[in-house]
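Order of writing sets the chain letters: A, B, C, D, E and F. Residues in each chain are counted from 1.
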């Protein structure tokens, strides 16, 4: 789902942003002939994501760089573990370093947080899904990281599934239609392949929505008791999505109410970067230097 | 420093990402003739940033949208405060809503965190600066947010200032040159307008670096005592930058050692989005709906 | 669903293709100060589509052009009817003419053909839908034209709904799983908002597919009798899509079998351009000239 | 004339359109390790075009795909003939399939129709040429297909040759100049390498145009008798182009009037896609499946 | 021929190049509210070109800038003459200044040099034309400047006219064909609108080329005597182009040999920028400052 | 500093400009199977630059072309010297020829002129630097050529260093501040890595500027005596840049005044292209043809 074309386009733009007319330091300090080899190493435990993206950063700076992967996307990783090895011209390796790490740290951070949520609900049958609260320009990358962590994706964009919320319903019913009629009418205007999800805030809204035969009902900011009541009332007639107030502390209890899907904005908008470093050896002569652990203004 | 052209390009790409072939829900549910008006409202206290970017999102979807700003970039804001008002075709307002909020929340989050660091060092003379640890594709936006929060920017990219780190020095001295000679030689290869910053890990490295007359010396992961000793040794012959282990708890003490600049990667890589919402009224008929506070998968 | 940004991007590229360094003829022959006014006129009966796109072509060549629409997308039009009027600098009007007509003719052709299919099945409850057999680069435009003609869209791309075909099923079952098991497993890997459609070639495949609870079943190249049998067997448990061998002659009978959806590749891959012309007056002095009816190599 | 850069750009954009964030079905159903091999097979007789473009689609999705051509552009092909063979990762082959077929079918359709016109005028000395009535964004591709079919191209765009039509002449002569004077004046403003073609509607316009020494005269919608008279009057002093009312039924008679060039808008705006299919074998285990013959919404 | 779209694209890219993340100086020094007004003034005599491009630079930085033209493209200008006046936010005016001047100086330099050549051949009937030796990325701009100076354009690119040179002829005749046969064969493969020009190095090559009825013959590096002989031999059967060794000193004599066209690579590859300056007043308070005359590293 | 990505992007755009839909001549005249080999040869003495760019032009047209470099960037070259050899399909070699030469000639011209200035100041300790007066879109290329010639770069753009000129100072001091106060205030608003350069027109301005501790002081259009006085007064407290009235005749004397940096706009805005040619052999059968020495409209 993360295409090669998307990787090349977005990672290439990040390189252009970070070194629009080259890496002054590398050019002034490193001989053109110097070679480097570097290990991508995890400093902590977590879930890896972004291996293919990491590799692309080096290849886009200089096709002579080669990257050998040592961990698959979605793998559990531990401190000190080598995740990939890159070799190539030292200038190119140094120039690509920060962008490569940036993507790998961000994607692994999302995968790691997702995996925590997934483990927290293990055995309940509920799936953890992301939201549209992703970083502008990086949605496909952050979605791939959620999958690497064992989570699932929600709709990709406003263009590929429908989510009817309260202010939509307000408009729909303003002219006198009932909620049920309004939803039936909306469905009739949509492609038959379009998933129709409706957000409800209170239990008493459920019957009108169910009568319209929608695909998913989002129970927004419901108490645990109300979630249980909602699941029961819906009775398998729609996918049930819980949303709002979801944390690592609350997610298990929410999952145990029987909901099918729990959407967690935090997966993408609040995941901390995972601490990965690049242990670099230039020319075979220098000591390994943990460049990512050092500040890199 | 954040150009109109950059805003249009990047916000436009975010809109294409979030609604590549339009907003299915708005198109199915909202009449083409419906109008909306919406207030951007702060749910919490903080520092605002991103007003111009917020406005651009709506204009890029439909030039008929108009946005009236009510708070300047860098303004302290309080819960419930209206920061901007947008009016326009309801479909366009709904389509642009998430992208507009996304930028404003992210930028205000960075400005707010920066302002906390800036207040923490108030009166010490130290400035808080960002790093290259920004989101790929959004550096200019995140840098503008740091400035809105009262912070300063570090070099923008690898192309506009030099930062010599330990692995660079390893290469420079591998052929037998001293550190001083190596730095003098590097300087001689650089444009005269290029700022030369050198990172040191230990006090005993300082003299060799000072002998080379560099512009800034970064004291990396120094204890408070060593920072004080470093500041004294440098004695105004270079800008002194502290880096590593900087948190809201430690930053005041670091600043009081007399360093000039404190670089904080967290400003951009760890700022939480600020909770801003869009209170939306469609057609004048519906109740205000706090759409940003609701989950938006 | 056809965004302003998409129109500007694609129509702009078409103008660059058709006049990369301007219109030599207009520049050599028409004074810069000459004005033109032109009516977009239908030469035949049909269904109009592309009004906004037609207007954009002129504005993109020269913002001084103004286009006044006289027919809405989806309107039934008759020979001689004026659909829009453009006025502006004569050079700009001449330069944009072919591209503007090209889009309007193509989109109206698709809308007209679609409307014929839609009328043919009127009252049966079946909807006419398009396919992915669109012109490369113009999908959003051709999809909008289908909607203008009263048809519906199928999935937009490979990224927003799943269509399992026989060769997919072959792979799924190669390792020993039954079709039902394979489909259940595939569903489990998909986002909950993803519509799952399965293509079947024979009636005896239906039970295995139905057991997996898919969203749509496509009955591919079924006889009318088999379609009827299929509809009965499915019994409302999935949307039923008929496909293959659909023509204006056969579509009514297919619709009367009770299927929900009839997909017609011809809507986009075989619609003839609708004969629209631009009746042009330059400077108020010349006679109207039906330029579109003349050959335009 | 169809450059590698143009192929990569336009086919790449088509792939982005058809699978912006990947092929959901292939990803959910086909193992990453599965391999596929597929034959591009003609279902009918015709003239092939688009081999290089077909190959590019697969390579752009995944460079590990290899395509072996088995028929040259312009080759006469017969039902069942294998035109090319692709092998590679099954997911990539499936993802690129529709775009690759789309271009090959469209280009072969144009080549096939062109070849019919070319055969119809064989021996007369007239050449069949295309017009600017091409699909927006695909002109270079459709022009290449015309050449593959034995036809010739007309001017590529408004920027590379001049075509003076009646409304241009109206402007030119409005200020009192004669047609001859106006054309001489226009010629004097043009680059010496610019071909000057003038469209005439009636025989009595010829002398004034001939007096201006133009390069090509287009006889627009002339009867066969008038065409013969026109050819005779022009007497080799300009290329003679016939245009208007050209069909496969009329073209031979038109050619036999002695005109040099016959322009046919239908070559590009009305050619039906040629029925080519992709016979696909995944993993060596499944039966060949004629996927292109099946509906592909 | 220089389209608005081309201007916006290329001038926009130049602005991005010159101020990728804004104008640090203006941002640090000039209040956001300051206004500026500036006159584009000629320091020398010459021929003006680039007025529309100059204006676009300011509008692309900030649409609030307004530019009032005071001289038309192609106008003879004298020292001290005001060519245009810009007013707007001071920061925007300063940011766009160098790019705007850069285009105007370059285009006016080309127009001025061209005008000198054109005056030198006045009355001879020969036209001065440019070549493909233009600055990469700026061909349309430099061609427009040549026209502003009274010159004419040669073919725009390799795609819109044919120029057969000696190494082409070597290949054409290698298989045994005569030059005449080879040229006739080449013509038969070209679109009828394609101008066929052939370069010859010696008088004795002329007959073979003339026998093939080509459109233009370029006499390359001919002496004046040979040019005269060539013109006589060709006798109006083709356009005669002289090329090679053309300077302001030699061009009159070359023109008097009777050639039709004289191509001068120097027009674009050797024109010096014309000295234009921007006399700037900020806020109404400061003295005019001739910023373009000052060095602007 | 000239990245591979920048080369591919800009050279690719130049190829698109010069052959948007291919090379008509090569396609009509050269068999697809013909091979060519060509030497890039210097016709004159000078300094080479652009080897990597020259090679990229051929590879971007057809990856089957291979280029073997025979001279390094910055090498002194003499008439007749072979600088690189390209082999590949004859059509591709011919199509890329002009663009490849164009870049190599332009870059070598700049390197050659720069080297002359550099030799002129040899032994004085002054460095020769470029300015922002580069060709729009080609700054990175022209800057690389300056370095190849032994010169140095000034700031790359308005975004990476500050240059305060008289009209800036006018604004800064308009509100009552002294020049010193104004510069101190400006510095306080800038990133610590930003180089602050101030332009002065008269000796009596120096003290106020020196009091503000700026990084570089540009002495603009100073007499030699005033330059000497300025260098003495500054006394090592800032880099001293001389600017204005710099020619090959005056530069030595300027350098001997003791200034550190001499900026020369002419390096990029007035360098003549170096005369390099491509000696081409097609198919092994034809004689070498010096195509670059011939006119190439």
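Convention: a residue touches a chain if its C-beta (ideal position, glycine included) is under 8 Å from a C-beta of that chain, and two chains touch if they have at least 3 such contacts.
If you're wondering where the values come from, they're calculated on a predicted model, not measured in any experiment.
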Which chain has its C-alpha centroid farthest away from the centroid of subunit A? E
Could you compare the number of C-beta pairs in contact for E-F with that for B-C and name the larger? E-F
On a CA-centroid basis, which chain has its centre farthest from subunit C's? F
Could you tell me the distance, in whole angstrom, between the mean C-alpha positions of subunit A and subunit F? 44
Taking each chain's mean CA coordinate, subunit D and subunit E are separated, in whole Å, by 34
Give the residues of subunit E that touch two or more other chains, as numbers and ranges in rising order. 1, 19-22, 24, 27, 129, 139, 154-156, 159-161, 194, 241
Please give all chain pairs that are in touch with each other. A-B, A-C, A-D, A-F, B-C, B-E, B-F, C-D, C-E, D-E, D-F, E-F
Note which residues of subunit E are touching subunit D in the complex, please. 1, 127, 129, 152-156, 159-161, 191-195, 197, 215-216, 239, 241, 260-261
Per the contact definition, I'd like the list of subunit F residues that touch subunit D in the complex. 12, 15-16, 19, 21-22, 24, 27, 60-62
Residues of subunit E that touch subunit C when the two form their complex: 1-6, 139-140, 143, 156
State the interface residues of subunit F toward subunit E in the complex, per the touch definition above. 10-11, 13-14, 17-31, 34, 90, 95, 98-99, 102-103, 106, 129-133, 135-139, 154-155, 157-168, 170-172, 174, 186, 189-190, 194, 199, 218, 220-221, 241, 243-244, 263, 265, 269-270, 272-273, 280, 282-283, 285-287, 289, 291, 294-297
